[in-house]
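This report refers to the structure that appears directly beneath it.
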Amino acid sequence: QTRDTMSIGVSIEPPGLDPTRSPSEAIGTITYNNVFEGLTRLDRDGHVQPLLARAWTVSDEGRVYHFTLQENVHFHDGTPLTCENVRFSLLRAGATSSTNPDRTFFTNIADVSCPDTTHADITLKKAHGSFTYELTWNDASILSPSSADKNASHPIGTGPFLFQAWQRGDHVTLFRNPDYWGKAPELKAVTFRFMPDPLAASNALLAGELDAYPSFPAPEILGRFAGNPNLKVVRGTFPFKAILALNNARRPFNDLRVRQALAYAIDRKALIQAGADGDGTVLQSHMAPNDPDYAALPDRYPYNPERARELLKEAGIKPGTQLTLSYPPITYARDTSEIVAAYLEQVGLIVTLQPLEWPSWLGRVFGQGSFDMTVIAHTEPHDIGIYDRDNIYFHYKNPQFHELFEQYEASDNAEDRHRLSVALQDRLAQDEPNVFLYSRPRDTVLNRRISGLWIDQQIAACPMADVTWQP
Amino acid sequence: MTSLLSVQNLSVHAGSTAILHPLSFTINAGETVAVTGESGSGKSTLARTLMGLLPDGFETSGQALFEDQNLISLPEHQFRSLRGQKIAMVFQEPMTALNPIRRIGQQIGDTFRLHTAMTGREIKEAVHQLLDRVGLSRAGISASDYPHTLSGGQRQRVLLAIAIACKPALLIADEFTTALDSQTQAEIMDLVQDLASENQMAILMISHDLGLIRHKARHVLVLQHGTLVENAKTETLFSAPQHPYTRALLSMSLHGVNHPPLTRLPVPENLASGVEP
Amino acid sequence: MTRLRTNRSLIAGSALLLACLVPATLTWIWRSGRSPLIDIAHRYAPISFSHPLGTDPFGRDIASYVLTGAFNSTVIAVIAVTLATVIGTALGLVAAYGGVRGKAVMSTADLGLAFPPILIAAMLVTAQGASATGEILAIALFGIPAQIRITRQAAHSILVLDYIAAARMAGLNSIDTILRHVLPNIAPILIVHASTSLALALLSEAGLSYLGLGAPPPQPDLGRTLASYQIHIFDHPLLVAIPGVTVMVLVLGFNLLGDGLRDLLERPFNRLKGQPS
Amino acid sequence: MSHLLEARNIQYDVAGRGTSLFRPQKPRTILQDVSLHVDRGETLGLIGSSGSGKSTLARILTGLVGAKSGLIFFEEQDITSPTGTARHRFRPHIQMIFQDPQGALDPRQTVEKIVAEPLYQTGLNAEERNRRVLDVLADVALPEDAISRYPREFSGGQRQRIAIARALVTRPDVIVADEAVSALDVSTQAIVLNLLLDLQERHGLSYIFVSHDLAVIRHISHRIAVLDGGRIVETGPAADVLTHPQHPTTRALINASL
Amino acid sequence: MMTNLASAISGRLVVLTVASVIVFALLNLLPGDPATVMLGLDASPDSIAALHHQLGLDVSPATRYVRWISGLLHGEAGTSYAYDVPVRGLIFERFQSTLPLILLATGLALLIGLPTGAIAATHRGKGLDLAVMATLQFLKSIPDFWLAMMMTLLFSLTLHWFPAGGFTGWNAGFFTGLRALFLPTVALAIPQAAITARFMRSSLIDVLNQDFIRTARAQGYSGKGVLWKVAIPNALIPVLTLIGIQLPVLVTGAIIVESVFNIPGCGKLLLEAVNQRDIPVVQNLVMLIVAGVLLLNLALSIVVRWLDPRLAGERA
């Protein structure tokens, strides 16, 4: 007989389930296109697809979008979906009192008007080529005013699954939405279990207590599943970019030679050995190999401690100079930092390791930009734009990059955009504002009989509507 | 007249050291026998041997016949029924000899509970009478008091009540009046003597108070370094002490001889250094 | 027989500690206090002459990594216990003298005892970032109230003795009295307590750093080592076994040493009753 | 008329003990309106039933405990406050012997240290101190080699003599002895009593001698004070009090004595 | 005039109040703003200000302290920043695993520790005693988290007797819950049992050397009778006091063991809440733990007082 329930392991418990209140990836994993739906969605290949908006047209030089909404859509509490919900959700996200993590995106929306209940016209302040792409984000989900404020503990959306229960610290259960407007999901219930400890997670998988674990956090123990008749490990991609971020506003990192020296000093292949068990890609710039715009640039800084020492000497950095390397509390960051410190020590720098827990890291490093070096992985897709931000924590500022980025943003020609994107990557590779370390694959451990699970990660999500048990 | 307790060649060793050298004596029913001697001479050891309560590592040999039973070789379960019922003991240290967390009434009652089939109510009544008897009721002490609220003399009387509850044939009293003022001491002695004459109870009284011994004991045993150096009738001992140690004791005692106040006491040469073994 | 056992505890404890701490200290000196080299190319090297226990996932020599960790953990525990002992003893003596100050000290100790050490550590670490200092502080802050209690109890039992009264008669002030009479007489208790505290402190150290509340890398310490190796429990069980056994050996060593010291130091003099073992 | 040591109207209370968690505590009066004195070269015997306040009074006289009210004089000087400068100055003149010779000696100090302790405050140099210690040890008939030994190596009588040596080393005028011979067996008791009498004869010492053993009191006292329930109920020359007791308590105590 | 109980309680209330000030002050000194933590990397200053207002963080610390305490006095513990649910319910939910864990572990520790200690004491100096003592010394030296790891390895991964971790609540059935808590309880209890046993042994030996034991024997008690009716009740008094002192250690152990076994209990909640700057959760949970420890201590000292009449009159 076929099963109709499934339990999925996730590594962190979300802080509430309201995507408009927190950027936590775990919220997306659980709710994206399961509980909440937006006007558009990303499919498993990363393409924008219609969802609550059946179709749309653009007018006024890309400033006005006319969306036609799906009919017969109801929220889980029974309220019908109308244009008013779109208006409410998008304006709420951009309001001054909004706590939306991507509020800046929504402030570009000048107005949402409702010609009738099934049509929504959105007027932007400034044309924005990737508007429908950004509408796929979880924090652009369409909500109901009657339930929006309680979504953190009891999320209500239009999706194929109803929120059923949250045993805090252990699991969230979703239940099939019997009144779903689209194709009804096959699974009756889905449980997301929070298992931060990879060892415990692997035990649970082996014991059959878990059916799948997307984005398994410890490549070094994947070997445990090798001989198991029920489980398989599938390797996918995700936009993982581990970098050694440098404070470009501070001496000595304001000197290109020093940044280059650091890049030469670190054997990034060895990092992949230790951090991703050998399977990964050495990064040359801030773009992951799974990005359509990714360019395989030449390796500008092969491991060369001699060269690193020379460059440091040229830059006037004396052996024994003290530097601090801060890192957040994640395994890859801790391990990578420890190894990086060891490599830097070999070229005469003395590195103090400073473990920070998340709030401190966010506050000190990310918020105030007050740090020397930090190891962090950026996992947002296509985020090279952060190098053009004013207040970015590593304080990179480069007029050439800025100019290129302006052109890129304004362009709506796909070829131009690709060309410009490669140029941007190359610009960063030359400037080496941060030492780009590596990208690693995304491993999903799952029961051999499961089909339909996303293997590549386009966005933090684990849509369950199409997932089924094979006989 | 057959004796109640007849001790023959009793000796006690702790490992290789002899604590008591072979000694013999007898006690008749209703008779008071005193044991004296300097500190550490083995008085308490003798008492504990007769109670069968020597600490681990002590070995005994010889005979101690009590009502035709040899206490030295008596199996523990038989000895247990003797203790508290036939042979009872009042210990040297009144401050620590009572269980601090039980009421004195319960502790006295235990003797009845262990040896008689009395009902709870009867025991309560008996305890009450005993408290009366030892003069505690008069001092406002009741069965529900805890030991720590009692003075040293009062605790000693509780111990006595425990010991005499079952009207034993032999009462061993180890220096049980040392810490008391003369008045309390006298009261307790009177009580014990009354009991002795009422029930033909024999008393083995350990003391270094020669005044007390002279007045209360029929017979005296003098111990020195674990050896019984003198075993005599009280009058004989005080009038004609045989052993030099006994003589020394008597000469120094303030109770035995009437020394003029504010004068030096005669101290025999061999004791003057005050060195103890 | 007890003597024999005494020596056994002391000998076994010292032997375990020496077996662990001598190589640890030598390793530490030899590597001048630095963590063993990371050498990714030689990760998981098998047991060989240059790597007696093989290498870890970072290619570090396991033997010297764990030994350096043992040294670091022990140093943290020793500093924390020293702090707790010094401060706790001083405050405990104040508490023993009673009065308003003594009461205040005892209330503070009560407060300290109500805070589980992990709460202190978690808060200190969040406030300060993970550091050896924070960890030492957390362990010491927990140790102080216990030390206060022990010291107060011990000092109290000395302060009621007549030789303290005699010292006051001799004109000594309270500080002199403490230095000359109280401290020397409670020293055995404090020493024994310190060695059991060391065992406890090592366990706390391991627990805290296991949770990531201890000193940061690259300096190895036993708890963090365990935490980071624990994932390899199946593929490389030695990685988990070695640091675990090392913690155990050290803790056992200090515990046995405490037992041995207790017998050695307390036996000849009056043993204070009610001391926890 | 001036006395060597005099106590006037001493009053002493303690916080009573509540017997349960819920019952409040009430204070207890231990000593009430106690006045007594001792003159040079004289022994005052202090008797009374158990719990009558003898030890408490001894501790107040020696300044170990402060009285609630009342005054204490030494050679007309007010030394009432146990922490006052006058008390401090006269400390060496009033010493005490404790009942339990074991508890009164620090087990971790040598006899030399124990006996010399009261001298540290006197400003004597090391040599003088040493001389005094040896002198006083000779006084109490302890061998010279005793100085480097520890209390546990001595017998009860010898320990009591060490305690006496310590009390004597400052050449005091008054010694308060609280049950100083009660714990000793007859022979040791005799030795210690002889020593006290000797010292009185040679140095003109005064004693306040607390005991419940009337034979001992009779032997050593010039005068006797009787304490009952925290009050002095009778005082007078030893012979008078013992042969013609006035107060019922005294009579009871004497009659009961053998 | 105050009674002893009243003064004992008021003393503890003072301690509790001081603790609340310390906790509050410490939490306010922590770096990292809860709003930043919640809104993440790209939050705008406006959003942060908005959230500050929403969370009530835009007033002075003194006001916040007063609000917190007066809330507590009204039985209101506030709302969790992270989970956006009432703290009270959150903590209550977590207590369903932590409280049973601590109680079961304490019970087990006593159940093993007391008899073992008593047996060792009555055989003191003999082979059995030495063997028991050596074993206890050994057990006392095992780090609890390591023991937990080893037990998982053996009992759940090799023998499959117990689940390897997690706790899904009591709804799944009493025995399922008990099975999930079994290994954590044992891991927590064993070192405590060893400590209890060693203490019981020395306490009982002390008592057996007391004079009143001899009195009872002379009265006619058998060796066993003395042990049960006289010695053990006396020996338990200091053991109970010790348990009071060991409580914080037990709580620490519980937090660590919860983390090893991935049990959603108070310990995990606390560590996570600290990491997320979920201040309402942290401050109330800490206060609850401190109050719990104080309360248990008070209860223990009342029991001890009830057992030991000599203590009546001393401060509880």
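Per-chain numbering from 1; labels A, B, C, D and E assigned in written order.
Definition applied: contacts are C-beta pairs under 8 Å (C-beta built on N, C-alpha and C of every residue); 3 or more make two chains touch, one makes a residue touch a chain.
Model, not experiment: these values are computed from the prediction.
Peer 1: Work out which chains are contact partners of both chain B and chain C.
Peer 2: Shared contacts of chain B and chain C: D, E.
Peer 1: Going by the touch criterion at the top, tell me which pair is linked by more C-beta contacts: A-E or A-C.
Peer 2: Result: the pair with more contacts is A-E.
Peer 1: Name the chain whose C-alpha centroid is most distant from the C-alpha centroid of chain A.
Peer 2: B
Peer 1: With chain centres defined as C-alpha means, what is the inter-centre distance between chain A and chain D in Å?
Peer 2: Inter-chain centre distance comes to 87 Å.
Peer 1: Would you mind pulling out the distance in Å between where the CA atoms of chain C average out and where those of chain E do?
Peer 2: 22
Peer 1: Averaging over Cα atoms per chain, report the distance between chain B and chain E in Å.
Peer 2: Each chain reduced to its C-alpha mean, chain B and chain E end up 51 Å apart.
Peer 1: So how far apart, in whole Å, are chain B and chain D when each is placed at the average of its C-alpha atoms?
Peer 2: Measuring from centre to centre gives 31 Å for this pair.
Peer 1: Could you list the positions in chain E whose residues touch two or more of the other chains?
Peer 2: 30-32, 274-275
Peer 1: Mind pulling the residue numbers of chain C that touch at least two other chains?
Peer 2: As it turns out, chain C has residues touching two or more other chains at 126, 230, 233.
Peer 1: Touching two or more other chains, which residues of chain D qualify?
Peer 2: Residues 19 of chain D touch two or more partner chains.
Peer 1: Touching chain A in the complex: which residues of chain E?
Peer 2: The touching residues are 30-34, 36-44, 46-47, 50-51, 54, 81-85, 90, 93-94, 152, 156-157, 160, 163-169, 262, 264-265, 268-269, 272, 274-278.
Peer 1: Which residues, counting only chain A, touch chain C once they are in their complex?
Peer 2: 198-199, 218, 220-221, 223-224, 267, 270-271, 273-274, 329, 334-335, 337-339, 341-343, 353-357, 359-360
Peer 1: Considering the complex alone, what residue numbers of chain E touch chain B?
Peer 2: 210-212, 214-223, 225, 230, 233-234, 237, 307-310
Peer 1: Applying the document's contact rule, which stretches of chain B touch chain E when the two form their complex?
Peer 2: Residue positions touching the partner: 51, 53, 76-77, 80-85, 88-89, 91, 93, 96-102, 110-111, 114-115, 146, 148, 159, 162-163.
Peer 1: So in the complex, the part of chain C that touches chain A is made up of which residues?
Peer 2: Listed in rising order, the residues are 37-38, 40-41, 43, 57-58, 125-126, 129-130, 212, 216-218, 228, 230-235.
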